[in-house]
Amino acid sequence: MVSQTFSLTRRVEFHETAAAGLMHFSNFYRWMEVCEHEWFRALSLPMMSTTPAGLRFGWPRREAACGFVRPLRCGDVVRITGSIVDAGQASLGFEFVFEKDRAGKWTEVARGRMTTVHVRQDSTGRMETEPMPKAVRAALASNAR
Amino acid sequence: MVSQTFSLTRRVEFHETAAAGLMHFSNFYRWMEVCEHEWFRALSLPMMSTTPAGLRFGWPRREAACGFVRPLRCGDVVRITGSIVDAGQASLGFEFVFEKDRAGKWTEVARGRMTTVHVRQDSTGRMETEPMPKAVRAALASNAR
Amino acid sequence: MVSQTFSLTRRVEFHETAAAGLMHFSNFYRWMEVCEHEWFRALSLPMMSTTPAGLRFGWPRREAACGFVRPLRCGDVVRITGSIVDAGQASLGFEFVFEKDRAGKWTEVARGRMTTVHVRQDSTGRMETEPMPKAVRAALASNAR
Amino acid sequence: MVSQTFSLTRRVEFHETAAAGLMHFSNFYRWMEVCEHEWFRALSLPMMSTTPAGLRFGWPRREAACGFVRPLRCGDVVRITGSIVDAGQASLGFEFVFEKDRAGKWTEVARGRMTTVHVRQDSTGRMETEPMPKAVRAALASNAR
């Protein structure tokens, strides 16, 4: 059975903070995507691909939400854990938990979710939903809760 | 009666796009905040303030969500319209509609919502919920639907 | 004779600041590009184009520098004025002056320069220098100091 | 004798790219700062500090420049190596070399420099130059070339 979660840790960088002294909330959405991309990379699954005929495949976001419980500051070490909570023919539903290292103990600071859709884009830029590749289904969506 | 909506337009800048050729989704959340801040500014309401004793007041985000319907590309002109959809003692619920100028007709490309909370932060960084100022309530929350 | 300068004004947004309370310096480089792009747009010159055969033309940066004299804070109104200070067969040298509105008087806060190169990129991603279009030369580089 | 260089590696993330398919050039300046901050961290030197009396010490940038030789794309692994090339009473001059992993061989893609100044800021926001702490001089500037 395949693991249905993926984690990475990173440190809040100065340029990610704002004048209130805290990490700007828009970065939580970027970090969801970083976690998604690193997860795909760890499974050797491409996030984007192009056929010789110029068809492009990718995973644009349909929606993303995040709730914020505790602030993050410059230098904080954060663990982001993604899990698959939903899967359709062409869509994946992720949940992400953000935890901060407080004296060696991980404490939840935020929790987000994101739905991505697999699409095919032709050379005119027109996008249509496309069933996800079998390899993605096998690796990520076979066991969605 | 006070207006309960606020609009601004802006153009998608190159640095806001990503390698898929589209605006990166994290910028929709930044634009919600820009709309909120310009709205406060138009009403001469401060987003942040500090007392002589060092107490700081502000409006951190409790949650923010956005659904994406159509892509935005570099140079697209976008209208962002915010409205107040909920108001508590210390919280505001916003909805934001993003529309793209397509041949002179505004077409919805995304729709988001955001909840902010009015807080008081002491000099140690400790934050507590604080009822919103009367001026904010009068201007924004008196007539929330 | 064509105008050799171009100006725009904008306001420092919250997400552009960092925890020191000031605008993050990386945004000055983004603003140089915004000024360059708006200048091209005002002259109806494309920043990027693609031929039916898939050749892409664009203006990547060769170098960019900026010196910082005074800080910018959230909400500050800034005027950015670009001028062409150098022009080769395929390159443009810009200078940008950043001024802050202090009680109605523009005060210099930073000064930057940027060199861009006109390139042709084939479908394999390989880039080569390409003489700039005549229209760009006529509009921007005919009179470089 | 203290080491006068510091290196880190990181991967180009999707949100750091732009619609031309390449990493946006503004991120090179952010990465210089990340390298500087990680270097200070590795030496247990604070980038910012505040006294009980409310004086704040920090290292704003006086200038930063970068020249771009080869493009970076999403997923590229980059090594950033900083070195101290100049040191005054209150200033540090850094050089940064950016190298891309091409089939196991590091190839230079960009080279930048940055000058930072140690300052003292009082509670009104007024900044003045302040000689750098002895610990910083001993660790970083004792042997500048």
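Chains: A, B, C and D, in written order; residue numbering restarts at 1 for each.
As a convention for this text, a residue touches a chain if its C-beta (ideal position, glycine included) is under 8 Å from a C-beta of that chain, and two chains touch if they have at least 3 such contacts.
What you see is a predicted model, and the numbers here were worked out from it, not measured in a lab.
Asker: As a test of understanding: of all chains, whose mean C-alpha position lies farthest from that of subunit C?
Answerer: A
Asker: Indicate whether more than half of the residue numbers at the subunit C-subunit D interface occur in both copies; give same if so and different if not.
Answerer: same
Asker: In whole angstrom, how far does the Cα centroid of subunit A sit from the Cα centroid of subunit C?
Answerer: About 33 Å separates the centre of subunit A from that of subunit C.
Asker: Provide the C-alpha centroid distance between subunit C and subunit D, rounded to the nearest whole angstrom.
Answerer: The mean C-alpha positions of subunit C and subunit D differ by 23 Å.
Asker: Averaged over CA atoms, how far is the centre of subunit B from the centre of subunit C? Could you give it in whole Å?
Answerer: Taking the mean C-alpha position of each chain, the two centres sit 28 Å apart.
Asker: Name the residues of subunit C that each touch 2 or more other chains.
Answerer: Within subunit C, the residues that touch at least two other chains are 14-15, 19, 21-22, 24, 26, 30, 33.
Asker: In their shared complex, at which residues does subunit A touch subunit B?
Answerer: Against subunit B, the touching part of subunit A is residues 19-22, 24-27, 29-30, 33, 48, 58, 60-68, 71, 125, 127.
Asker: Residues of subunit A touching subunit C in their complex?
Answerer: Counting only subunit A, the residues touching subunit C are 14-15, 17-19, 21-22, 24, 26, 73-74.
Asker: Would you mind writing out the residues of subunit A in touch with subunit D in their complex?
Answerer: Residues 13-15, 30, 33-34, 37, 41, 47, 75 of subunit A touch subunit D in their complex.
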